[in-house]
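Each of the next two complexes has chain A plus one more chain, namely chain B in the first and chain C in the second.
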Partner chain A sequence: MLLRYLVFRVGRALVTLALMSMMVFGLTRLMGDPVSLLVAIDASEELREQTRERLGLDGSLTEQFTDFVLSALQGDFGNSIYRSMSSRDLLLDALPATLLLAAVAAAIAILVGVSIGVVASLKPRSWLDTVVSSISMAGVSMPEFWIALLLIFWLAVGLGLVPTSGSGTWLHLVMPAIVLAIRPIGSIAQVTRSSMIDQMRADYVVTAYAKGLKTPTIVRRHVLKNAGIPVVTMGGVEIADLMTGAIVVETIFNWPGVGRLASHAMQTIDYPVIQTVVFWAALITIVMNLLVDLSYAWLDPRTRQETR
Partner chain B sequence: MSGVVKLPSSSGLPLYRLIIRDKFALASALFLVAIVLMALLAPILAPFDPTELHLRDVLRPPAWQERGTSLYLLGTDGLGRDNLSRIIYSSRISLSVALAVVAITLVIGTLVGLMTGVLRGRVDQCFMAITDAVMAFPGLLMIMAVVAVLGGGLTTIIIALSVRYWTTYARVVRGMVISLRETDFVLAAQVLGGSQWHAMRTHMLPNIVSPLAALIPLELGRTMLAEASVSFLGFGVQPPMTSWGLLVGGARDYIASAPWLIIYPGMALFLTILSANVFGSWLRLAADPMHRGRLGT
Partner chain C sequence: MTKLNCLVRGSLFAVGLMSAVAMDAGVKAYAQGDNASSIIISTYRQVAHLDRSQIGGSEILVNGLMDPLIRLDAKGEIYPGLVDSWDQVDENKTRLTLRQDVTFSDGEKFNAEALKINLDRRLEVTTSSNLKSVTGAEVVDEYTLDLLHKPQPQLGLLSELGIFIFPYSPRQIMEDPQSLETAPISTGPYKVVSYESGRELLLEARDDYWGANVEGWGVPSIKNVTVRFGVDPGVGLAALQAGEVDMFHELTPENAALVGDDMRVIRPSPEVFFMRFGLKDEFTSDLRVREAINLAIDRVALNGPFLGMGEPATQLWHSQIAGWADRGPLPEADLERARELIKEAGADGTEMQMVFSTSYKAGIGLMSQAVAAMIEDIGIKVKMTDLDGVRFREYIRETDNPAPLTTLAFGFDGPEVTGFVTSRISCGAKLSTYCNAEVDRHLDLARKAVSAAERKTILQSMMDEIDRDKGVIPLISPPLIWGKSADLQVTPSFGGLMEWKYWTLDR
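Up next is the complex of A and B:
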């Protein structure tokens, strides 16, 4: 039964992958003629033809799509139009910066989000709970680009504490990491709070109180672990989103990661780079979804029924 | 026998009486009404035409700051255009884009969700693969790519956002149809000889309406944020049209010299999204009879 679900779900992931690839191909081919951007306006037809050939755009659409599929299998869609580097290498060069930023942001988000969520849950509807709930609601509603510019204004321009943008030292990391953490802090705090409130009503907590344990001990030893499950699920989703949110943040702070790479490639219609970034990002999401679904199926047999 | 759960139900209180008890939800609802009125009455409320240049009054700070004048309450931009008037007029684009996208995605998502939920089988599997593929794209990149393909413009940005967000409603509707399909009143209708489409129309659809409606404010907030982000990056609403996101994007270089051009349009955007989220969270609980007990009373 589990094997059958496995085959079914992997099959669907493959179909999804094929559909996604076609969308990537279609979108980037429709984005405009890169040749006209590369050559001078008065360039000869011959030069245009050569450029087209160099970019592999001279074949019919079917030929181009075959090329595309072969490239996809290698995960590399050719050299960047503007930089003589393979787009996969550009992506790999930018990846460590994005991962570092995402890791620091995730650490801040989990630490702050879980702490304020737990504090709020201990006395539901107290003033402290209201304050925390308001903060987390504000966090999830905050436009990243706005808070990023405000932080630049206050911390960098006003107080001169950190550099306005760029990379190199850990001080450069402060503002982008804070901005990126704000939304997940809000959502993690909300989930932690409601999960904790549910758990605090459970029988085992009543038993622990009856045994004479104090609240901090009960929370630390018993409740946190149980309340953690939805937080982990939610946190996983949010951290995957960090990579996407990085587009805006990396562009503003000029952080040399995948987001800035993608945003620059978009502006210059550097379609091999766009294809590579989008393809890899989508591939990772599809694989992650597959793994999540499979782990649910393994843990909870009821979810396997979909195959019928 | 139809098993319809209407919005004002078990607790016997209509929504407007419930909301009075929750001061946050009430405040956010009132704020949203005020923003909508502001957009509708923009020509009356705005002190200036948003495109009118005042080259003698370039980069005036807000009235209460040094060099500020009460003529330009929230200051002026690099061309001497009135900041307040531009914020007021921008609400029209920001709101209408979000409303249009939510309307389109609601209709498409509901139709697709109903169809796949009822037809099941191969149609359903195809649909799941398509939504998986759409949702696998990094959100902003997909919107930017569609805008890059079709060129900037109001219609384009609406299409781009709809292409990305129709899946939310489709998935929610499909999920609800699948769970409703097994309920006694739907099974009974089929046992009595009703067709699937009959069951869908008369028994399922009415039960789907209120949870779907409750999603609208949350989706509005999400759409506004996405439009603002892509407009900020230059891939959304294009000048001379303005939206709150574009205002902030256009003022990026003025962050040190004229921060009011960033603070106030951004604040309008933030407060509107915040209100939509606060009101939406409340509405989702209020629309669900099972959760209504949790509302602050």
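Up next is the complex of A and C:
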């Protein structure tokens, strides 16, 4: 049964990926002509045409799209327009830094988000719940660039505790990881809280209290497990988001990851690199969603029944 | 173990694995310019790679690696560089005699063959559009080379050599040209230690620099230089204030105002912002309207967005560039006369589109808004269109049907101003919407003029014609500001050029 469910979801993921690739190809072509950035502003038409031909941009859109699809099927997304490197290698170079940042931010987000969500849920509508809910709402609402700049001026310039930007030591990780974790902390805390409150009202919890079990035991042994399903969903989506590269955070902190690569590629209209990065982002999002769905099906057999 | 426990443990394992993979990729230790012999320079500019033959605009920070063939100062004076002397053989050939003591950092000799290999490569690289005159080279003997070129006045040709051609090791070009993008080998006082693509460049002063004991060259005072690219301007300022970096290139005027005089170096700008008219438009084709717009502009007030650090412009190039002359007091705004002219031309209440791009040049967005407000004061409604950088570059080439008003920039790399001016204002030029036979005649004369004094007279006469016709309106030369740490003493030299390798830096 799980196999049938898996085949269904993988098929849907492949269709999504194909549609995504077409959209990326079309949208990058709307960004402008990279030749305008490559040659001098007063360059001759002849030179512009030569450059366009060298980059393989002289064919019709249909021809370019066919080339793109055929190459992509072989895992080749083409060379960067500006560097003699394949865009896939550029992505692979940037990926470790993004994974490191994503891992640390995810760990912070899960630990803090789940903890404060549980704490808030134990006494709904208390002052503690109000404070936690407000903080998590603020975390979801505040723009990342603003938090980043505040932290830079407070922690780096004011207190001199960490470097303003860059990479190389664990101190460089502190601010980007905190900034990246703040939004997921808010959303995970909110989902954990509401899911926990629902579960705490369930009959089995009343029974557990009637049997004389203490709240910490009930929460740890029974409630957390059942409240975990929506949290897993939310966590999966957030982690996928982190792994695809945080453009704003990586650019502000000059972190050498996929987000910064994407930002640079977009500024310079480097088609192959943009396509590779977006394809990666789509792939990760689809895979993470698939994993979340599968974990759902695994944790809750009723979900499998629905696909019949 | 419950399923949830299994999932949580699995997730933790995955997170740990991702961290291990990422840590393994490793990143180098965080360097700090904490002693007198090393500095860290950061810049907001993005550099895709280090091959100057293929990149433009961001090369200022890799210049330490290279020496120029011809040295030019901002006043238009020309000095020997790696080329010791030159002699025009005929209108298509100039004989270059090279210095005989120059070596690349890999030990290769700089000679006529090495220069020919470099020139041949430049001519093959299709994006090297800055080479407008050079067509080839022939080796005469070990240190003599005949440069083949289109007919071109000497100043233009030598400027092209001095600004756009920097030789790389012939061995590197022949054996491993791709490495030019990450570790170019040249004749300059520094060599590349490492380069992290688009992010960080480490340079080290050469112990065997050929120019160490040569008068007029010498070794830089700083041994190690770290250049960080693509740093957000606000974060760059914070890094400067936190003492993490020694210099930041370039500070925005807003950021420069946040630091003291001891933390900035203001250099002559290589640019002048100006207004171009769409002369097919019913109203801007009328001289009275152009005159009125000129009278509406308060150039001193335009310096506001630049916090007074710019230079109001009376001509199309900066006061530090050859050909500039004092043209008396700044033209003053006269709103009353401007309004009269607008009424006479029947343009009162007309809406005009003004095209500009905030991402084209720093500060040009704010300046354009100020200009628009001044024009609205005389009874014209201005509809502003802010294009992104790429579309703006495409737009200003489309000269058939331009917007009535456009703000853009003249940029100058050196003393040869006629090339830049020609492409922007002469009849039928790629970026020009203006056409005045008298202006073109002056430009032609200026190109051919031999002496600097003669060129200056001709160029000023051309400016008189432009002023009379109000074909384009020079607005302001923005400041170019480097941020620096307060304890770093900077003494720019060699005609005030921006090249930091010529600066004396003391802590």
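Convention: the second predicted complex is superposed on the first by the 250 of 308 C-alpha atoms of A that agree within 3 Å, B and C clash if a C-alpha of one lies under 4 Å from a C-alpha of the other, contacts with A are read in each partner's own complex, and residues count from 1 in each chain.
In the analysis below, contacts are C-beta pairs under 8 Å (C-beta built on N, C-alpha and C of every residue); 3 or more make two chains touch, one makes a residue touch a chain.
These numbers were taken from a predicted model, which means no experiment stands behind them.
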Touched partner set for A:210, first chain B, second chain C, both or neither: neither
Partner chain(s) touched by A:152 [first = chain B, second = chain C, both, neither]: both
Partner chain in contact with A:269 - chain B first, chain C second, else both or neither: both
Touching partner for A:70 - first (chain B), second (chain C), both, neither: neither
First (chain B), second (chain C), both or neither touched by A:160: second
Chain B versus chain C as contact partner of A:251, first or second or both or neither: both
First, second, both or neither for A:100, with chain B first and chain C second: second
When both partners are placed on the shared chain, which of chain B and chain C touches more of chain A: C
Chain B/chain C common contact set on chain A: 31-32, 149, 152-153, 157, 251-252, 267, 269
Residues of chain B that touch chain A when the two form their complex: 24, 125-126, 128-130, 132-142, 144-146, 148-149, 221, 225, 228-229, 232-235, 245, 248-249, 252, 255-256, 259, 262-263, 266-267, 269-270, 273-274, 276-278, 281, 296
In the complex with chain A, residue positions of chain C that touch it: 2-4, 7, 11, 15-16, 18-19, 21-25, 27-30, 46, 48-49, 55-56, 126-127, 129-130, 178, 181, 196-199, 228, 230-232, 234-235, 238-239, 241-242, 244, 388-391, 393-394, 396-397, 423-424, 429-431
Sites on chain A touched by chain B in the complex: 12-13, 15-17, 19-20, 23, 27-28, 30-32, 125, 134, 137-138, 140-146, 149-150, 152-153, 157, 243-244, 247-248, 251-252, 262-263, 266-267, 269, 274, 277-278, 281-283, 285-286, 289
Residues of chain A defined as touching chain C within the complex: 31-34, 36-44, 47, 50-51, 54, 80, 82-85, 90, 93, 96-97, 99-104, 106-107, 110, 149, 152-153, 156-157, 160, 163-169, 171-172, 224-225, 228, 232, 235, 251-254, 256, 260, 264, 267-269, 295, 298-299
